[in-house]
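You will see two complexes here that share subunit A, one where it goes with subunit B and one where it goes with subunit C.
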Partner chain A sequence: MPIFLDRIMKYYQLIGPVKTEKGVSFEYVSECDKVDLDYLGHTVLPPKKFFFPPIEEMFAYEYDETGNLRIYDFLEEVSKGMRVIVGVKPCDISSLLVLDKVFTGEYNDPYYTTRRNNTLVVGLTCNKPKEYCFCTYVGSGPSIKKGFDLLLSDLGDMYLVEVGSEKGWKLTKFNLDIFNEAENEDIKERERILLEVEEEIRKKGLPNFATIDKVLVERFLDRIWDDYSRKCLACGKCNFTCPTCRCFTISDEPNPDLKSGKRFRIWDSCHFLSFTKVASGEVFRKDRPSRFKQRIYHKFVYSINEIGSISCVGCGRCIEVCPAKINILDVLKEVIVGGKSVSAKVS
Partner chain B sequence: MVENPYLPKLAKIEAIKEETVDTRTFKIKILDEKVRNSFNFTPGQFVELTVFGYGEAPFSITSSPYEHENFSITVRRMGNVTRGLFRLKEGDIIGVRGPFGRGWPIEKIKGNDILIVGGGIGLAPLKPLIEYIILQRRLFNNVILFYGAKTPKDIIYKELFDIWKQYINVELTVDFAEKDWGGHSGPVTVLFKNFKLESNNIYSVQCGPPIMMHFVTRQLLSMRMEPEKIYFSLERNMKCGMGFCGKCMTGGRYVCREGPVFNYSEVKNFLETPV
Partner chain C sequence: MNKIRIGIFSLSSCEGCIVQILNLEDILLNLLKKFEIESRILGTQNRTESYDIAFVEGSVMSIDEEMELKKIRRMSKFLVALGECACHGGNFLVRDFNVGEILERFPGSETWYSNPIDRYVRIEYYIPGCPIDKEEFFTVFKSLLLEKFPEQISNTVCSECILKENNCLIDKGIACLGSITRGGCKAICPTFNRECYGCRGLSDDANVEGLLQTFKEKNIEPPTHLTLITRREGRKT
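Showing the complex of A and B:
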């Protein structure tokens, strides 16, 4: 594998999972032996930061000496160079497929789509889930059928490689000396490992979360939401670590000369009071339950109409990082099992 | 390189008109001729307007759709961007993106009676519709405008009402009347006292503060107006205008892209009732 990554680095910028003090994290890699393809479950932040960075400088503006205003589009920088991201788990690949649907359609988000088109995805099937993983209940792991250029499976002494696209095929074609044709047994071994992972996650005995939208709609006014939202600190960590959360706000930052400045967009959180605030001061989600619910209803109800599927990929990051120890699986289970009585009805 | 819909097109402030103490109408001309000629909008649509250094905010287009060289927006000094805008002079450069969203259902309401209800600066997105109706007057039946403002001083487009009255019925009310105010006083719903639904062939369109739209909608429903004929324009935090930033989402719908104009039948089953 290091040889392959080394060769990739000759032509592409390489992004891969790297061990850091805070856990395994996707980073730009300059030495390929730093890449850690043995990481458990998922990285700290999902790969979305390489397609939709926390802060994106969109353009700069400047008044010249004659008073004319010029705009410098940073998109030109974004479109330079090709990248390969390796070691993306199926849950995170699924999240990119969700973001693809969100950021294209009637309009296309050029910052996102340019980076997507610039970047080859080398996936990695999951050999061992982490404590909070639940991909099998949302149909996004431990393996995946599309969304990758190459898909690696760690078989112990070698990797099985599945080709997912023309671009992926080219990556292997020029490196045939380090690839051997896969044997049937190798494919069977991959199936065996995947089944093992699936069974381990299945032990959690959760319902299929892809079809809970009707129950959620019925229980929108359930008291459960009040109970959980009282614990919620509205810190936004679940949004920022979520591989499919993509809400943002847009701001200008003038330079001290007031003649130039930048516009940027920055990750935002539906848990923040300011999220829905308009200039008049009106806030459309004032109470905590309404903001607590927005993320969950967007993932499990609204997304079905928006992109044709739910938008939770079961990575479990939001559970892992929540400082109030709110576990979305507990919330959903409780709602499905029957919830509590209906809280005060809002007209 | 791909077209970047986030880049504002440069435009010039052609004229500024004082409407009230805190509200002005800005006439805007897009600099690039090609962009200007392809700028076509439906009444009820909005633009994202940039005041460089202050940021960007959504504003309804208030000029007639038959005006081609320029378009206008009516702005109340409220937040950061509007404060910046109020510092600008005629000839200053701003940025424009859009138009965005779904406007008033003009085709549907043709041939019908129309009740237009506006509150405060909410008259702004209704003005291009009123001007369209007046220019195409024979395509519409009875048209009534109910407009409410806080005080007589807060009424916008004051000089236009007399012109409009020649073509459509206009009723005004103010929340707080002053001595020389001879008209109605109270919220816009007081104008409904003498209003009866005479047929089913009537549509209503409204824009105003959320509380106004809440009560007007209920008033119309109690008069048995069909929910799919009650239209309103929603105000939300529309940052990108394209359904990406997620901030305007209401009941799972993007107000910027799927609205801002909705009818009551579309929203009544929203989990978050918007009016």
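Showing the complex of A and C:
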């Protein structure tokens, strides 16, 4: 594998999971032996940050001497150079497919699309789930059928490589000397491992979330939301670590000459009071329960209308990082089994 | 270009926020070239009639300072509270505790006040933090030159901390206030394994009770100054 990564680095910028003192993070790597393909579960922040950065310069503006406004779009910078991101787990691959539906669907986002087209995704299947993994219940893992250019599976003494696209095939075609043809047993071995992982996750005995949207709609005014919002610290960590959260705000920053400046877009969180603040100063979701609900309803209800699927890939990041230890699975379980249903009335 | 007059004033404080402004030396020199900014840092002599923007750091601790502040207000188009002391009363609020002992040691101190400046005058903008973040100051400064008010930062320190992919200090049993504290500091303390002590004040609709509950569940002793923070924020409203 180091040889393969080394060769990739000759032609591409390499992004991979790197072990730091804080955990494992996706980073640009300059030495391929820094790439840690044995990491368990998921990185702290999802690979989303390389396609939709936390702070992104969109364009610079400038009034020239004649008073005309000129715009320099940073899209040109974005389109330079090809990248390969290795070690993306199935949940994160699925999350990119969710983001694709949002950013390349009805409204095409050139920044995101350019980065996606510039970047090859080399996936990596899991040999073991982490404590909070629940991909099986939302249909995003542990096996995955699409969304990758190459898919690696660690079989102990070697990696099984599945080619998922034309671009992925090219990557292997020019390096055939380091690949051997896979045997049927290797493929079976991978299936066995993935089944094992799936069974491990199934042990959690969670209900099926496929029809959760209807139950959620019924319980829109349930007491559950008040209870949880008393616990929720509204810090926004769940949003920022979520691989599918995609809300942002726009900010302009002038340069000292005041005649030029830049426009940024910055990740935003539906837990912040300012999230629904409009120009007049009005805030639509003033109370905490309404903001606590928003994340869950967007993921499991509104998203179905928007993009045809739920926006949760079961990575478990939001559960792991929550300082108040609110578990989205507990919330959903409680919605399904507990609590008295109060019929919602919309006026 | 009209001459833009800037005043920078200091009430009771450690003057650390002004040091932060001076730390912008390179940019400031550039600005002085372009705008002929007239500034009165610390000096109070030769005052002009009016200021376009006045920055005030420090909290009001005496009647003299109250008068001074009101005078600055009358002379200024925009008034910006600079730093923790001006925004929330700052560490001088410690005075609220153990008053008896202070009175014994410093006779006459019963005449002191320690209040955020918006208790006395109208404030156009707040730049919180102890000390202020010099980049945030500069951003606000540029916006004010354009007569524009930037949105008051409303995220939490937690949300900036996770962008640095830090491990949670609460998980390590440390009483970090990042989840209820207004962001903008780029989570500098937790990044260096120091708990957030809330110097930027409470975030919008901060869930203090929720955090206390979390601390309780994890057997974390809440920091004593949390009472101070909640009390001073209670004063503001």
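Quick note on the criterion: the second predicted complex is superposed on the first by the 339 of 347 C-alpha atoms of A that agree within 3 Å, B and C clash if a C-alpha of one lies under 4 Å from a C-alpha of the other, contacts with A are read in each partner's own complex, and residues count from 1 in each chain.
In the analysis below, a residue touches a chain if its C-beta (ideal position, glycine included) is under 8 Å from a C-beta of that chain, and two chains touch if they have at least 3 such contacts.
For clarity, every value in this text was computed on a predicted model and none was experimentally measured.
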Fit-or-clash call for subunit B and subunit C when the two complexes are aligned on subunit A: fit
Which of subunit B and subunit C A:270 touches, first, second, both or neither: first
Touched partner set for A:220, first subunit B, second subunit C, both or neither: first
Residue contacts on subunit A - larger count, subunit B or subunit C: B
Partner chain(s) touched by A:240 [first = subunit B, second = subunit C, both, neither]: second
Contacts of A:280 with subunit B and subunit C, given as first, second, both or neither: first
Partner chain(s) touched by A:258 [first = subunit B, second = subunit C, both, neither]: both
Subunit A as apex of subunit B and subunit C, Cα-centre angle in degrees (nearest 10): 70
After superposition on chain A, the shortest CA separation from subunit B to subunit C (Å): 5
Set of subunit A residues, in rising order, touched by both subunit B and subunit C: 251, 254, 258
Touching residues (chain side subunit A, partner subunit C) in the complex: 20, 22-23, 25, 43-45, 54, 230-237, 239-241, 251, 253-258, 267, 269, 272-274, 288, 321, 323-325
Interface residues, subunit C side, partner subunit A - complex: 27, 30-31, 34, 139, 142-143, 145-146, 151, 154-156, 158-159, 161-163, 165-168, 170-171, 178-180, 203-207, 209-211, 213-214, 217
Residue ranges of subunit B in contact with subunit A within the complex: 1-8, 10, 50, 52-57, 78-82, 93, 210, 235-237, 239-240, 242-247, 249-252, 257, 271-274
Subunit B-facing residues of subunit A, complex: 58-59, 61, 69, 71, 73, 75-76, 79, 102-103, 105-111, 113-114, 217, 220, 246-252, 254, 258, 261, 263, 265, 268, 270, 275-280, 282, 284-285, 290, 294, 297-298, 301-302, 305-306, 346-347
